[in-house]
Amino acid sequence: LGGSGNDDEIHFYTDYSTETWQDRWENDLIPQFEDETDHSVNPEYAGFQGDSEERLMNLIQANDPPDIHVETFYTAADIWAQGMLQPMTDTLEAVEDVNGDINVETFEDEEGVVSQGDTFHVSHGGYTNVLVYREDIYEALGLEVPETWDELVDNAEAIDDSDEFDTARGFATQAGVVGQSRELFWMFLYQNGVDTHRMADGGVEVWVPEDEAIEALEYLTELAQYSPDPSGLNWGTSLEQWVQGRVGQMYHVNGWAAGVAAAEGVDHIAENTAVAPLPRNDIPLEESYMTLPTGNGYMVFEGGTNPAGANEFIEWLYADSVERTASLFEQEPMRLLPAYDDVVTSDAYANLEYFQAWPEHLELNRQIQEEIVPMYGQNTEESPTTGAEQYGLSGYHYADMMNQIIVGDAAIEDALAEAKGQAEERLAEGKELTGGW
Amino acid sequence: MSTPTETPSETETEGGTRLSYETRDRLYNLALYGSAALFSAVILFPIYWMVQNAFTDSQTVITEFSWLPSPETVTLDNFSVLAAGAVPRYVINTIVVTAGTIVVVVAVSLVAGYGMARFRFRYKQSFAQFLLLGYMFSPIVLGLPLYLIWSEIGLLNAQIGLVIALSSISMPFAVWLMWKYIQTIPESMEESAWIAGASRWRTFWDVVVPQTKPAIVACALFAFAIAWNDFTFAQILLPSQESTTFAPGIMRLIDQGGYTSWGDIMAVSLLMTVPPLLFAYFLQEYLLKGFEVRTR
Amino acid sequence: MTVHIDNMTRVFDSPNADRIVAVDELSLTIEDGEFLTLVGPSGCGKTTTLRCVAGLDTPTAGTIRVDDRDVTELPPQQRDVALLFQDIALYPHMSVRENMEYGLKIAGVPEDERREHVAEAAALLQIGDQLDKMPASLSGGQQQRVALGRSLVRDPSVFLFDEPMSDLDAKLKRELRPVVQRITDEIGCPVLYVTHDQEEAMTMSDRIAIMDDGELQQAGSPKEVYSEPTNDFVGEFIGQPAMEFFDARVESANGTAAVSMGNHTVSLPATAAELEGYVDSPVRVGVRPQQIGIGDPAAGIEAEHVLDEPLGDETHSIFETEFGDVTVVTHADFDGDGDTDYGLVLDESATQLFDPDSGVRIH
Amino acid sequence: MTVHIDNMTRVFDSPNADRIVAVDELSLTIEDGEFLTLVGPSGCGKTTTLRCVAGLDTPTAGTIRVDDRDVTELPPQQRDVALLFQDIALYPHMSVRENMEYGLKIAGVPEDERREHVAEAAALLQIGDQLDKMPASLSGGQQQRVALGRSLVRDPSVFLFDEPMSDLDAKLKRELRPVVQRITDEIGCPVLYVTHDQEEAMTMSDRIAIMDDGELQQAGSPKEVYSEPTNDFVGEFIGQPAMEFFDARVESANGTAAVSMGNHTVSLPATAAELEGYVDSPVRVGVRPQQIGIGDPAAGIEAEHVLDEPLGDETHSIFETEFGDVTVVTHADFDGDGDTDYGLVLDESATQLFDPDSGVRIH
Amino acid sequence: MASETVESTATADRRSVRGRLGLDGEALRGWATVAPVILLYLFVAVTPIAFAIYASLFEVPLLNPNWTFTGLSNYVEVLTMNSFWSSLWLGALFMVGSTVVQLLVGLWIALVLNQLDRGQRFLTAVAFTAYLVPTVIVVLVALFMFDVEVGVLHIAGSTLGLWGERTFALGDQTWAMPLVVLVGSWKFSIFVTIFTLAQLRAIPDRFYEAAKICGASRWEMFRDITLPRITGVLLIAVLLRAVFMFNKFDIIWMLTEGGPAGATTTLPILAYRTAFLHNDYGVANAMAVVMFVFLALGAYCYFRAFDPTAEVDT
């Protein structure tokens, strides 16, 4: 088991790797698949920060990439941009036939990731960016769900100051040099009516208008006063803080925080975790650049040892029946929302053991799917989704900038200018790799 | 001697302010035991804290602060993590790798140290220096080449592969230690065995090895520290869940859950702290003897 | 078995470029059953010689034969010698018994036979009750016995000792000497015994070989080397307290010879003819302190009393003379007096003459 | 200055429960300028006594006074003693000079004065040219001189030596002995010198104190302890070769006493009256080997010749008798013959009688 | 006699020829004994280092196995990089700070342990345990103890007014570096202790006794006997510690990931970031090579200045 194996084994590198996932893969899904086909599957689990990337790099450098890699698409954009992924259009079609249309962002636009007529990603689920907040705190302090940044800041201050919730801070402002802090910055750009890139002269260019960006960063800096140590916050640690009841509001994805709280048996937090659209900065909804959910799922390496088998495995998982697809959400039901229209509404999904135990969490997921997602994606026409742009997004320059400004004492203007410079370099690199597209 | 004027060392050199001998003695003991108390507190406190929280209800751990464990919240529940999921596997793997590393390091360095101490060959000194040079290269960029080499020779995910890697980074120090130690064993003991008809190998085994015990313990301890500690190598060379060791394993666990239960972590930490404590308690005499580098 | 050392030389390359000739063309034969002692000052090459015979070192030139077999290049394992080191070298991790039977174990002797041999040797050495102890808990003398026992259980064909007693005190030495002699007698093989204690050499040996600076000076029975040293080095080295030397000049009158030292003259038993070539030349006169009498200043070499060292049965008295300090063995009750002047009277018949340059004994 | 040791006892708790009485109610006075030697077998408590005097150890009971000052509990720093260890203890990281001047430096003596003292001592010890070397590069004898020098530059008020020469060979010992004596004479303070080499004790001391098993056996001048030992232990310990003992029975006839041993009788110089209480009782007869003559079997104790140890000027011959092995000092040319029977003739005037139970000398 | 001479010179020649080739039986056996070490080292150190040096001449996108040769340009990039020089400074700070603290604390603990006559065994064991506890655990416990809500050290620090009640000390720019040094020292000081204590125990009592007799006070004994006797090992321990700390990665990474805002980004952290976050393996290797050169130079100067091996008998 693990890294190397015999030649036609399907090497499956996944970050669906909690203990429950591992159990499911090894004792249920994989044996069943192996029984039904001639293939054998060799699963390998990745953590989700740093380590997994390092391991993937090792595999690629050894010219022995895995057959299947599971990740959020844009984070793997550099791999894709270098032409190392296999098209999966047929597989996606087969999956859509069973589960309904895909509803995560990358597949909305024919000119987007589904470039040149091909799809390179079969999503398992989508991440919707939301404001996570504690219902009980709001209630106790008489707070309203914020719609603007000012309201958000006020709430943060109120929570921070309250004696009743002594340990809870106002807002988790992620500013580590890792993925989440760059996304927090993007979200604030989107909700201030701008984006990171735009189309100009038929090509993509970096577009981070200074005024809007500075305003966003100023708000973030202000919010950081009400945050537990911003430099240590990332996807994992902010969940941790949440479960420990140390924050009252934060930026995160889906109802994941509620799920972790439930899994850890911290019921009062699991019950009181609520989500809302991320607040905007006094702009009308139509001007928001908030994107549709980001797809997280399967990619197949062209250079793997058994790409055909890999596709077969993915089809077996997702194109068999809605029931099987829904059943794949039994593990981590709150982390990802199904990426296909028919799944969330299916009985099979509603009947998952987890939702039987936590009906309010089913409601929460449906709320995201039915209320929040429709509010996003207003500006998809103007917001480009090209190879070079996706590549440009995968760098850590904005994370660095957030860190410099919020944790360090860098001047906002300087740090922003430097980050933009790097963004431009990165975009140029992306264009070179993808042939200008 | 009978009058102060005859004892210049007492009065003249230090002036009249010199404290009486008894007072100085008392002050010295105060400083000594004070120091001992202070550093034991500094060293012991984190361990105490670990123990205290390992036995405290995991919810209490993150919400309440208390200097002493309170009877209501004392629990053994945290230790259930030791039986759950992958933790036992990690621990067993760590033990296997550590034991393997100790065996390889001791065996190889014993032979090499013997050779260095007893045979005359050219470039011996250069060889020793060359070994130490290896310590000067930052190990963090070595992951990739190691990975490539290991996958080439099929040692990935094999605990023996990690054992080899860890052994060789323990090598410079271990060989040096053995070398210096064996030099202190009189050669005449071996010679008398040769004269009795024992072959070189037999002599090594019967005469040298038993007397090298302190150095063996010291090398074993050093290898133990390296293997028990190792995070980086295990992370790179044992990617699979089944074969990996404690340090990367626990980091994965922390990552995966998206949530750290401090109670559980303290319980696991306690488990990983006990073997070194036993090692240090029972073998310290040997160990110190083994580390004794004769200076001029 | 007989050991023949022929023209053996051993040269060491020293780190600071000049070579050290530790043993210089040494030729020596040790007969079967003979107890030959090698004595000499520190660094004269005794240990080196022994190590070459044992096979722990290889001569640079020359050969070593045991009977007719050339063993010069043989490794120690194949020589069947027993060697007892100065620093004992008992194995600290083995019990006394294990130490003693180690050689037999290596030779593959079965357990019970080993026990028997060990018990026998232990009885002889009076350490029968120590067998299960560890060496560290034994006294120095006991350790030495164990080391001795370890060698002798093996019944070797050559027995080598390298200052086996130099770490012991006088009493223990005296106690062990007869034990060693008895044992080597019993085994009956050639014995090469190194020491720098000339008392040990005198009392134990069939023959004594005296070395200096890598070269053999004289080999002969204890009496021979005591009374007929080939040169002044041997004369001074053998005998206790050491022989005293006086610078003198040979004078001849009517065919009888005499030596004059300072303003004192001693007539010699030798005729002038026997001293051919030395008449009127300077010589060194050697006399043992036992052969010097004390008289009044006129009768002998004028001397001032310095110190008495009473030993109970005799006294060593030290006098200052124009030839330097001279030790004289006086009777037990002698009690020198710094105020009186004495004269040292040499026993004429016991004087020996040495060439002042080469040191060779003339007569 | 005078050192008084009064009723001093030092008890050690040994790990295996039984206490070791290292020194048992020892009382001893060392006069100013006196050279007192403490001898005794290994483990008899010599070192312990010395360490207590130096302040490195504290007596369990009893007191130590220097003149009238009670120093029993004083730390060594405040005693102004000099102590020379058996194992030298030179500091390997200091040069010879630094080693020698260390005590002065501690005492705050200025640099140039220190140099002067050291130069003086070095000249006396003939190591003037070694001052800048490191101890490791010196020979054993030289190291010992340095150690000696380190102590003597200090001009202490008590001088203590713990077997300072036991690691040296006989020649070096003989060379250093006068040096030590001269130096201590010059300083003129009380000297307590520990050795287990009785020759050293005899030759150097003003007085010898013999200890056994923690207890003082006798203290007296060398001649006194040699010729009038208080008990058989002292008799055997002092003198070389050791006194021989024979089990005997006192017989009295006409007021003169005799002892019969086996079927041989020796008449005594003592009268029966002097031996009151021992007549017809068993005693031990002690005779020094020098006082035993060799005759034919009928004339003395029947003896079989075992071994000769020729020393050049005399021979030690060992005989087997019904009383065990007996060593006799014979003349240089004596050459025993195992086939002939001999008789050992004791010199009547030199016999000493000891109580067989208490060992105390009767006469 | 004549034939003897011939024979003996022949033997002498035979020896010297073999000797000159360095391949007589003795040398062969010598090399055979160290062969396993060489083999292991070849695998685990030499080859990877060679590989890294080689890679430093290429542009290596980690997520693509195709390398482009770029000569020394990676080196130019490293040497002109601002972050390189600031990390070098931070790294030097970390190295010197850690080494000094570890030396002092380690020495102090060793001296105290050596003097204790009660509880020595237990305290020694406890001290050694600190060295043997895995770094991961030290880090986890440290993070727990600095936790803003229940962390005992956090509470202690904020009560003393060192940092704010809600400041995560390891996330504070002023405190991060000192605390990382201290946490590291908690674990690694004992390395110095082990060496020193072993050495202290080997100093014969009689050295002190001789000094006492001379009237030396405790301080004088320490200065004149203890210190000179342990300088040798101290010099070696300092060298080893400095080298180890200069290359230290795991404990910093796990505690702060080089943060906050780069306050603990030492060179190894920077190299790691460059390799795995910026996917610039070639530059990272160039960085490692430059670090190696600095370190080797530093060690060389250290050797020239103190020559620690001269203090230790070979």
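A, B, C, D and E label the chains in the order they appear, each numbered from 1.
Rule of thumb we're sticking to: a residue touches a chain if its C-beta (ideal position, glycine included) is under 8 Å from a C-beta of that chain, and two chains touch if they have at least 3 such contacts.
For each chain, UniProt lists the protein as follows: B, E = Binding-protein-dependent transporters inner membrane component; C, D = ABC-type D-xylose/L-arabinose transporter.
Owing to the predicted nature of the structure, the values given are computational and were not obtained by experimental measurement.
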Worksheet item: If we look at chain B and chain D, which chains touch each of them?
Response: C, E
Worksheet entry | Chain nearest the overall Cα centroid | B
Worksheet entry | Which two chains share the largest set of C-beta contact pairs | B-E
Response to the item:
chain A and chain E have mean C-alpha positions lying a whole-number Å distance apart equal to 41
Worksheet item: Can you give the whole-Å distance between the Cα centres of chain C and chain D?
Response: 26
Response to the item:
Taking each chain's centre as the mean of its CA atoms, chain D sits from chain E at a distance in Å of 56
Worksheet, complete the sentence: Rounded to the nearest Å, the gap between Cα centres of chain B and chain C is 53
Discussion item. Two or more other chains touching the same residue: where does that happen in chain A?
Written reply: 54, 57, 61-62, 167, 244
Worksheet item: Multi-chain contacts in chain C: which residues touch at least two other chains?
Response: none
Discussion item. Can you pull out the residues of chain E that are in contact with at least two other chains?
Written reply: 62, 149, 215, 217, 229, 281
Worksheet entry | chain D residues within the chain C interface of the complex | 42, 139, 166, 169-171, 174, 177-178, 181, 196-199, 202-204, 222-223, 226-227, 238-242, 288, 290, 306-307, 309-313, 316, 318, 329, 333
Fill in: Interfacial residue positions of chain A with respect to chain E in the complex
50, 53-54, 56-57, 60-63, 78-79, 82, 84, 167, 169, 176-178, 228-232, 244, 246, 395-396, 403-404, 407-410
Discussion item. Applying the document's contact rule, which stretches of chain B touch chain C when the two form their complex?
Written reply: 186, 188-189, 191-199, 202, 206-207, 210-211, 213
Practice prompt. Please name which positions on chain E make contact with chain D in the complex.
Written response: 204, 206-207, 209-217, 220, 224-225, 228-229
Worksheet item: Which residues, counting only chain A, touch chain B once they are in their complex?
Response: 1-4, 17-19, 22, 44-45, 47-49, 51, 54-55, 57-58, 61-62, 64, 167, 235-236, 239-240, 243-245, 256, 260, 263-264, 266
